[in-house]
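Paired with chain B in one complex and with chain C in the other, chain A is shared by the two complexes that follow.
Presenting the complex of A and B:
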């Protein structure tokens, strides 16, 4: 390496070069200071970034419909119920992208009734694809380990076998959302990734006992779209369920009460917690569906506070008369 | 093909196989996941794990039998494992090669010359062997004279491996002294105290070390963007220390090639002791050669092939065969024509190492961590043996943590005591859930059965295991000072909701607490009551959790409220209070309790508790099935 400044060779050219270099340095420092200077310091954590908004997935012309099917087999019950509501084609048109929000909350086998039954998932996926759906996504943000939940509940294998895409929650799949006029859902992570491009949303939920909210059916099922440390919402469980009803307007909500988890819910864990209730309820009004479903748990809608709050918030109605179907 | 090319192919093949098994230890059913791949094969081939668990337990567990094959092959071939198979050795050789490029022949010769420090690994081996031995001594001590004599002979054989130990009077003298010490020690051991055997070798045993480093450091880093090994990012507490040990052992190769193999590796030491006697060995076919030092310059084991070779140090890299211009180096059954030299192990030092090793577990246990001061945070996985038996088997390889679907299994840090370092412990906050009810993966991957391979039935206490009940990892305790319904008048019971056992181990008792006592009624009509002072937050009392209690003690649920008016659900027996009377607003709380007879200590409640930092319900190891002395309940 040669020395920067050989003293005997210092001449005008060298001087100019060095002066130019110093000038450039001065200019660079000035520009950097000017551009990067922040006299205010960082803002507090109250900053709210861009929010996503869930569209309404309601199918035009299908509002306020509920069907109640008596039957002990899920597949014929689902078909009969859909027929009563005008057929699957009334809800899924060719080219649609459908998301099925299942309840895969627990790493528990299907027989224990803590999760959506895989038979129901299979049939719903198949019906959607037969109706011409371009893509069916099955998703949830479970409570137990997600991968284990989807495998053990049988939902993952069933959905894949029927031709659906199973999307497990990953950190990137969540984006913050705020419910307009909401009290609880403010800048909260929402499982939005799997819903991108989707234009139909169907909720598939088992009917379950819940010690805190009395019942966990289709409205409580949307809890699985929340991320973050969502358990703090249990302080106001009824409020959050009502807000979830406002946040999510599904194309169709299905409550599977062919067998209901009548005690020790929402986890269950023993066959003794299950009672055959031989009922499948489906409709476009999630409040009406839930109001009918809580009857399977021996409750009246008045005993379930979240239903009252949801009605007051305009999510749906308690007193819709269901189309009844009796299967042998 | 050149022999070193064959050796390199073998090294690359086994390194790839090792990496493949690291990936294939993923829980799942796809072809590249854990469905019959022998992911423990390298750990099983490592005879040090087999030998030391044999010493600590008297048995060789299942696949650890592979270690015998390695031992026998070493007796025939020499240290083939080090030079041809060991994935850690291959990594060292590669880094050493990087560091040796552009070095002159002289520098290379200097770096690869035998050093006294190479004896350190033998002392480490002696240390770990002795640390694992006290239970064996105890057993032998209990079986009278003939066995004690046999033991003394065995130790004499160990002595025979040392310098000047073979034959002669000093040999028998040493054997006699050792035999006497032995019996005395055995008698002492029988009297209890903090003595015990500990499998400390896993800290430095190369295969557990490299497996642990892959499982808990490299794979989580590599998988963060790939998401092959786990569905989401995985965290391991204290991974930095594990990574630092791994990185340091690799970087030291820049100083001396195969630094770890030459100076540290206790497995290499075991192979070295056997390699001395191997049938085939590297050596010169004639004493004289051109003395070009090419063989010394490229020697991986630093065993000086040009001069008096040290067969115990030779890792069979066979570089000497390849580079010798005179072709006087051969791999054959005849000893080197230039002479052979055994490891320069002084008896005194070996004894010092053995003594230190014997003293190590008692010293570590003097702190009382295995006795009165046991750490209740040490919640072990389902099927884990009682602590002292567990420590006699756990290799700290991290396979259980690798396979755990929730990531709740974590390497214990230094705060759990040196003896428990990097053994599996449950940390309910770091993973995706607690220990999942129907999962027994950890016990089925554990290579040494420190975690027994239990069935789901046994874990849940069903079928033939109904009488003994479920396997409990510990018990959940509620911290009433932090719990929302207990301390802060806020409803919650997330813990109760998520308790996976049936019937639930967490139950609740309802408690109505006055949050707004003594409100004066100014106007009342049916279920509509206006109170003063007002100042209520509109809607805040309509969540379904608030009740209005009249003076007669009857209460009705509040459906909604404005700033000064409560709207109540009509109730039978409710009498509308008259103006001037007092009413109170109560919050209905379901306060959680744990039923220790049902709690299995899975920690799911702790994981889900909304008190996000220090949880309001926490599992500690009291009542864990594996440790009778920690039981909580009367049977």
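Presenting the complex of A and C:
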């Protein structure tokens, strides 16, 4: 006797009836599965738009330019640095729409050096508008609550007072992006909304010690364009910074080392973590800018692994000779 | 029934085959779909902190008004508050962070923030306290390990690590951060520090408040964990003494050998065994001397000095102290 189907309990009709029921069950499961199938995949709480790719914001004819200004005041240092590079009009033309990517990561006061200094924001907004920019947007996706970060860092009030539009991140501002050949940035949410219509992108970053990457300057600043659970990238912090360098080609990158957060970064906390380093570095090669800036933290470029990765990826050069300006 | 009748019929075989085929299709579908997970969690744009100030909620802070209800962070969300510095805490043994902002009553622009880190142990709290110690800070007696800077107070208390950070260094805020730290100590009670190993360093020439506990991968060597270091200024240079308690003398000896091998693998050159330090290994690396030994359950040594004689002298003092320590 078959252990599976005792013949005395099943004839042909019974078998066909059971097979029919099994078939109906399968069909019902199929219909249910088809109705429940999510062809788009999990979306979380927000709507996800189509994939986007950041364009290059580089200004033609301005490649591989770097200026290093020695001075203890941000506003004259920024002006002098831009002058050395050909003036703001070399980067911003009438009608341009400019985005300033600041570092507003933390809800901490300007004096602690963990965020972009509002003086720098004010002056850059003014310069862009004076050069004829149609619109200047100031944005970031902070680590802490965005509204608190922009207010307590002083960046929000400074930007608005100078005539810029401050754009805080919202769910609909993010769209997925993938870096061609990237290992980490795949289908990742990018803070793209504030960059719509923008044709010039300027990074404004403080010079900071960083517990994981040793330094946080202009390239690490692009981390604030990422959304999602980006903290998983801390496991490969150098890799993600190098990929961010490939993802974002700015019009200009500015490293504020007038006062640098030399210890206990990236948050700092004590005023004793800040050191006057009296230097502002700006240029179109973000690797070169960062390579000079890490010197303010007492590091050589070789001690900062993401720089080597960025050079290998063709993002920029370590050894560009800067145009030096001494403000006395 | 004969064995021939036990065989399934053609129809049964067909149905069975169809069912297996359907199952195979389902398995293939599951396999394919697993690659469509959402790594990004689109909804997580802002901080995923929990609400509530935990123990800070009941803190009585006269003259200060809370600016928020407070936030709570766990190991998964700590980086939402302190970004890349989270790794320092996680490596040491982090459990929870409570943070709350306060302003001087009637002066919302003059504010401070209290960070209470609950660590896994007193040793973990001491590790994060000591590794962030600010040079030139003023020691406080609120707890065994406490200091203030121009705008902040930092202290370790049992398994707690507390930071009170003001937005500016005004006299009113300086007083407020000190008051807040004292209110915390009063509310929580003063607890014993973990750093008993710190007392094993020779006191002669030891720089005050220089003992640091490195939780993980000390000196760049993976697995070299829970190492105390101390600084000894010697004229223009500094010597660093280190010690780490291990489970027993055999483990300590193996750890010493492992560290010496690490030095030699990275370009170090071994020198002859120094007199008066039997079993110790002296290595020259990048123009400096490293002396490594084990003493009972301790791995110990002196590192980073250009002066060999000073290195050996400090090592002898350290070894003598450790030989008197409780095993």
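The rule is short, and it goes like this: the second predicted complex is superposed on the first by the 278 of 328 C-alpha atoms of A that agree within 3 Å, B and C clash if a C-alpha of one lies under 4 Å from a C-alpha of the other, contacts with A are read in each partner's own complex, and residues count from 1 in each chain.
One rule holds in what follows: a contact is a pair of C-beta atoms (placed from the backbone, for glycine too) under 8 Å apart; a residue touches a chain by one contact, two chains touch by 3 or more.
None of these values were measured; they are calculated from a predicted model.
When the two structures are aligned on the shared chain, A:49 is found in touch with neither chain B nor chain C.
Judged by the touch definition given at the top, the superposed model places A:188 against chain C, while chain B stays out of reach.
When the shared chain is aligned, chain B comes close enough to touch A:236, but chain C does not. Of the two partner chains placed around the shared chain by superposition, chain C is the only one that A:111 touches, whereas chain B remains out of contact. Contacts of A:22 after superposition: chain C is touched, whereas chain B is not reached. Of the two partner chains placed by superposition, only chain B is touched by A:308; chain C is not. Of the two partner chains placed by superposition, A:61 touches none, neither chain B nor chain C. Judged by the number of chain A residues each one touches, C leads among chain B and chain C. When both complexes are overlaid on chain A, the residue A:273 reaches chain B and chain C alike.
Taken together, the two structures place residues 106-109, 143-146, 152, 169-171, 210-212, 229, 231-232, 234, 237, 264, 266-267, 269-270, 272-273 of chain A in contact with chain B in one case and with chain C in the other.
Per the touch definition, chain A reaches chain C in the complex via residues 1-2, 4-5, 7, 15-16, 19, 22, 26, 41-46, 48, 105-109, 111-112, 141, 143-146, 152, 169-171, 174, 176, 187-189, 210-213, 216, 227-229, 231-232, 234, 237, 263-267, 269-273. Looking at the complex, you find that chain A touches chain B at residues 106-109, 143-148, 151-152, 168-171, 183, 210-212, 229, 231-232, 234-239, 264, 266-270, 272-273, 302, 305-306, 308-309, 312.
Touching chain A in their complex are the following residues of chain B: 27-29, 227, 231-233, 405-407, 431-433, 436-439, 484, 490-494, 496-504, 508, 539, 542-545, 557, 559-560, 569, 590, 604, 608-610, 612. By the touch criterion given at the top, residues 1, 5-9, 11-12, 15, 19, 22, 36-47, 79-88, 101, 111, 132, 134-137, 149-152, 154, 163, 165, 167-169 of chain C touch chain A in their complex.
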